[in-house]
Amino acid sequence: MTAAANSGAKMTATPITRVLGVSALAATALMAVLGLVVSPPDVIQGEAVRMLYIHVPSIWIAYGGFALTSISSILFLRRSRRRPDQGRHYDRLAGSAAEVGVVFTAITLITGMLWGKVTWGTYWQWDARLTTTVLLFVTYLGYLALRRLPAEPTVRSRRAAVMALISFINVPIVHYSVDWWRTLHQKASLSVGRRPEITGEMYWTLLYSMLAVTILATWLIIHRYRVIRLEELRDEEGLEALIASRLNKAVGSH
Amino acid sequence: MSAVVEFERVVSIAGSFPVLTGLDLRVEQGEILLVRGENGAGKTSLLRACAGLISVNSGNASVLGFDMRADRRAPRRYIGLLGHENNLYRDLRVSEHVEFRAASVGAKASDTAAALEQVGFPQQLWTVPIISLSAGQRRKVAIASLLVGRPQLWLLDEPHAALDTESRKNLDAILKDASASGATIIFVSHENPTTKDIASRVVTMDGGRIMEDSGAG
Amino acid sequence: MSAVVEFERVVSIAGSFPVLTGLDLRVEQGEILLVRGENGAGKTSLLRACAGLISVNSGNASVLGFDMRADRRAPRRYIGLLGHENNLYRDLRVSEHVEFRAASVGAKASDTAAALEQVGFPQQLWTVPIISLSAGQRRKVAIASLLVGRPQLWLLDEPHAALDTESRKNLDAILKDASASGATIIFVSHENPTTKDIASRVVTMDGGRIMEDSGAG
Amino acid sequence: MLAEALLVARKDLRVERRAKIALGQVAPLALLILMVFAFALDANSSLLERGAGGLYWLAVLYGGTLLIQRSFDVETDDGNMDALRMSGIGSTSLFLGKASALFVQITVLELILGPGIVLLYNVRVVDWVLLFAAATAGTVAFSVCGVLWGVMSAGLRVRATLLPLLLVPVLAPVLLAGSRAFETALGVRTGAGWTWAGLMFVIAAVHTAVGLGAFGFLLEEG
Amino acid sequence: MLAEALLVARKDLRVERRAKIALGQVAPLALLILMVFAFALDANSSLLERGAGGLYWLAVLYGGTLLIQRSFDVETDDGNMDALRMSGIGSTSLFLGKASALFVQITVLELILGPGIVLLYNVRVVDWVLLFAAATAGTVAFSVCGVLWGVMSAGLRVRATLLPLLLVPVLAPVLLAGSRAFETALGVRTGAGWTWAGLMFVIAAVHTAVGLGAFGFLLEEG
């Protein structure tokens, strides 16, 4: 049991994740330098354009996180269909990916609002892109609330998995909202076909930020996964002790 | 595979607590099995595992020939379960409730009257809303709701609780009858001297498994 | 007026149904009174009338010297009532719940441990949320919640239900103790042979009044 | 299967009738909500008239959530969910049955709200067909989602707050589309009313499909 | 008496904390409500900005009703009300205790709703003092009425619908006054903001007085 506890203590930081953590830190720092110093101000938006390097990668990572949640949920549902005790790691993965997704959605919302204050003059507009993003955000908050409720883990995980699948519908809606509805939200400045205002540095900085945020998110997900796992392990260790003590007591009394 | 319930080393986990810890049990058709054991021994959990309401995490479990690990919903409609709670729609009237339960297990609505009479439920209360019944009267409605389904396997959690002396005798007779016509009965009771009589076999649980077995009666 | 409970021709009406139909009862201090009777006889109603939870529509009623028609709330804090339900806050942990009940009747929070030990509630479950307890374990928490208040009058509705054999004996001992130190106990039970032993007197109810009385013990 | 669904629907409606819900409580409540909106939005301004379509769907959302709550309170009370699981009723029938009962109740609610809005907020219907189409699609979507998320939160603690939290994000698009469609039908906005109504039908269909697929699965415990 | 009230309030808050309510569920719900209003009222019109004050109070009314519901669900569960009646806790303490626990929870709700409104509906506060005064009076009125009508409907069936039915008419004046006061505080209306806030204080005071007087009486059954 002490061995398990020791390995458990190590488990949030194995050499690989430590490397990952350090590179996440370095990449984020470099991203800041690139974004704030190297890349030029935008012709139209001026300095505010620097928000772009967090705003856009964050939401893409959030999409990725939610996609991961959905995939893990499908795998969990398939695994646990026959054996309720199986597939728990998929459930944990779904949970940690959703947490990270929610955090990055929040970052996009916050940067977007700040950016909006600068460019539109208000923090918020009831624009289709913005509205669908905040809907996505609360939907996954509900998902996390469901996961956090005190309940039978199998019941909770299963319901959460179904909910994760339904919730994912929101992601394509957010992405295509600018095409489906007429919106205030920028799409021209960076759309793939024509990007007149984007210079080489801006483009590369954006790509680099993408990479940095991906590393950061991966590191976060692995960490969260391990923390959840440790919490469950703590329970399971208690479980073994409980089985033993239940039986000892029972045998002893007869 | 003629056994009605066949559990081998069944482990079942609720939350992070092992409610069944490697339980072995084999119940043949027609038996009336009394399950005893102290509070928290796992009796309710055993019944719920038989009904497929809690999952079996390891070991083998089959009920009425169905493998509970493959599809635990399969045997349910041949099973009648009476838990600590009565599972009554409090706003319905007594006869409406029993009729609904009858219809939902595919029995005829006309069996309602027979079932209510059999449990000795007074006729003048048939049209009363369940919410105004006394504790024992509710228990009788719950038993009648089981009876209409003519289950092959009865799982009863302290069925005598709240019943008066006469109704207890009556219930015992019903159980004997059912067993004689081929049903299998597993019931939990803490009232040893009185309830032992109708049981054909007695097992004692402790710590989530069966510790004593009086052997087939 | 030294009687703890003094009911004279008490009529009590719930909805439009007379649950007590002219009941006479006098219980002296220190008695352990067993109330029997078939389902729907009015036993629960009697206990609730003693606790002042249902109103007395006609007749005279006094409990612990307080006139129940004048102010039925007056005697309550000297009374401990255990109904068919356990009155537990399911989201709280066991010790938190008992501490709250202790504090709310003005007892010391430190009595909690003593009470839980007295009812034989296993120590490793003290910090478990009540929702994950078994039926019998919940009943014990409910009894412990009564115990901390050291009531002068105990009103117990089938207190033995769901308890295991040992806890039943334990409960009987607790009741004997309480009665010896001056408390009065009225309890309902359907388990005649076993529970008659501790009663100093037995009354039988039917149709909302008392039909038989074994006389003062 | 249909017979079973009918059985469940009849049982649900009977319980509600006995408890005197729909007419006795939800209907007055719906009217109250309309009044409260008037209070909140300063009755004399034009806000009410222009917002009438949206306020209608807000009131339906509120009343509907209560009815859905109620529909599952009844099932979780006294461990009834266990009996439902043990009964031979298939999960498809259960889903359809409970959804139809909700459909009926929400329809009653809307039949009271509709005239209420017209009278209290002083609006005129210019496109009855659009109005009915949108109302029907919305009601189906509400009932179906209600059953789906009702069972999702059934048996969990704190359902009183969990159910709205899960339900509202799903129903928000229905509310949005319904509001815009009604605004067109009430003549305070020109344009894409039918597109919005079509969107409502799509949402209703998707949730019905998901419900039929996942209901049995969600019904199970542990 | 105060010690007892504190005991009750602590118990209520502890139950809510254990069930992970306030922050985990009510907060996102508050955000949701704001969105739903925006959907219903066609976000880009000026309706939102002009109606912000009223919508704030509507949202508080909705979230508050849920919290009140919850506060009494806990008491009626497993016959707990009986234990409350039998305990030595005086009805005054009980009233004050439950009301304070609700006050804390509704305040948390408002602390999330407030900034939410400012950001999402794009409004500016011009009179902070009036805003705080009105918010405080409103919160007191909501908590006090909540306990009063919560106990009134406790133990009755169909509380899920009965409670709002009873509560909304009583709170409607608070909502009306709060909306007008907030509109002044937010600068979309000139004038009698303080008069409305004063009215709210009077309402809060009246209901507190009624509650203190009648609570013990209402607590009783049969």
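The first chain written gets the first letter, and so on, giving A, B, C, D and E; residue counts start at 1 in each chain.
The definition used in the following text is that a residue touches a chain if its C-beta (ideal position, glycine included) is under 8 Å from a C-beta of that chain, and two chains touch if they have at least 3 such contacts.
A quick note: this is a predicted structure, and the numbers were derived from the prediction, not measured.
Student: Averaging each chain's C-alpha atoms to get its centre, pick out the one most distant from chain A.
Tutor: Between chain A and every other chain, the largest centroid distance is to C.
Student: Measuring centre to centre, with centres taken as mean CA positions, what chain is farthest from chain E?
Tutor: B
Student: Quick check: how many Å separate the C-alpha centres of chain A and chain E?
Tutor: Centres of chain A and chain E (C-alpha means) sit 34 Å apart.
Student: How far is the middle of chain C from the middle of chain D, if each middle is the mean of its Cα atoms, in Å?
Tutor: Inter-chain centre distance comes to 45 Å.
Student: Quick one: chain A and chain B, Cα centre-to-centre, how many Å?
Tutor: 47
Student: Got the chain C residues that touch at least 2 other chains?
Tutor: Expected reply: 14, 84, 90-91, 129, 131.
Student: Which residue numbers or ranges of chain D touch two or more of the other chains?
Tutor: Residues 19, 157-158, 162, 165, 169, 172, 220-222 of chain D touch two or more partner chains.
Student: What are the residues of chain A that contact at least two other chains?
Tutor: 84, 135, 138, 141-142, 145, 149-150, 152, 154
Student: Provide the residue numbers of chain E that touch chain D in the complex, in ascending order.
Tutor: Per the touch definition, chain E meets chain D at residues 19-21, 25-26, 28-29, 32-33, 35-37, 39-42, 45, 47, 50-51, 54-55, 57-58, 61-62, 66-67, 69-70, 73, 157-158, 160-162, 164-165, 168-169, 172, 175-176, 179-180, 183.
Student: Note which residues of chain D are touching chain B in the complex, please.
Tutor: Those residues of chain D that touch chain B are 4, 7-8, 11, 14-15, 18-19, 74, 77-80, 82-83, 85-89, 220-222.
Student: Can you list the residues on chain B that touch chain D in the complex?
Tutor: That would be residues 14, 51, 53-55, 73, 76-77, 79-81, 83-93, 96, 100-101, 103-106, 129, 145 of chain B.
Student: If we count contacts the way the header does, which residues on chain C are in touch with chain B in the complex?
Tutor: 14-15, 17, 37-41, 44, 84, 122, 125, 132-137, 139-140, 157-158, 160-168, 190-194
Student: Which residues, counting only chain A, touch chain E once they are in their complex?
Tutor: The touching residues are 113, 122-126, 131, 134-135, 138, 141-142, 145, 148-150.
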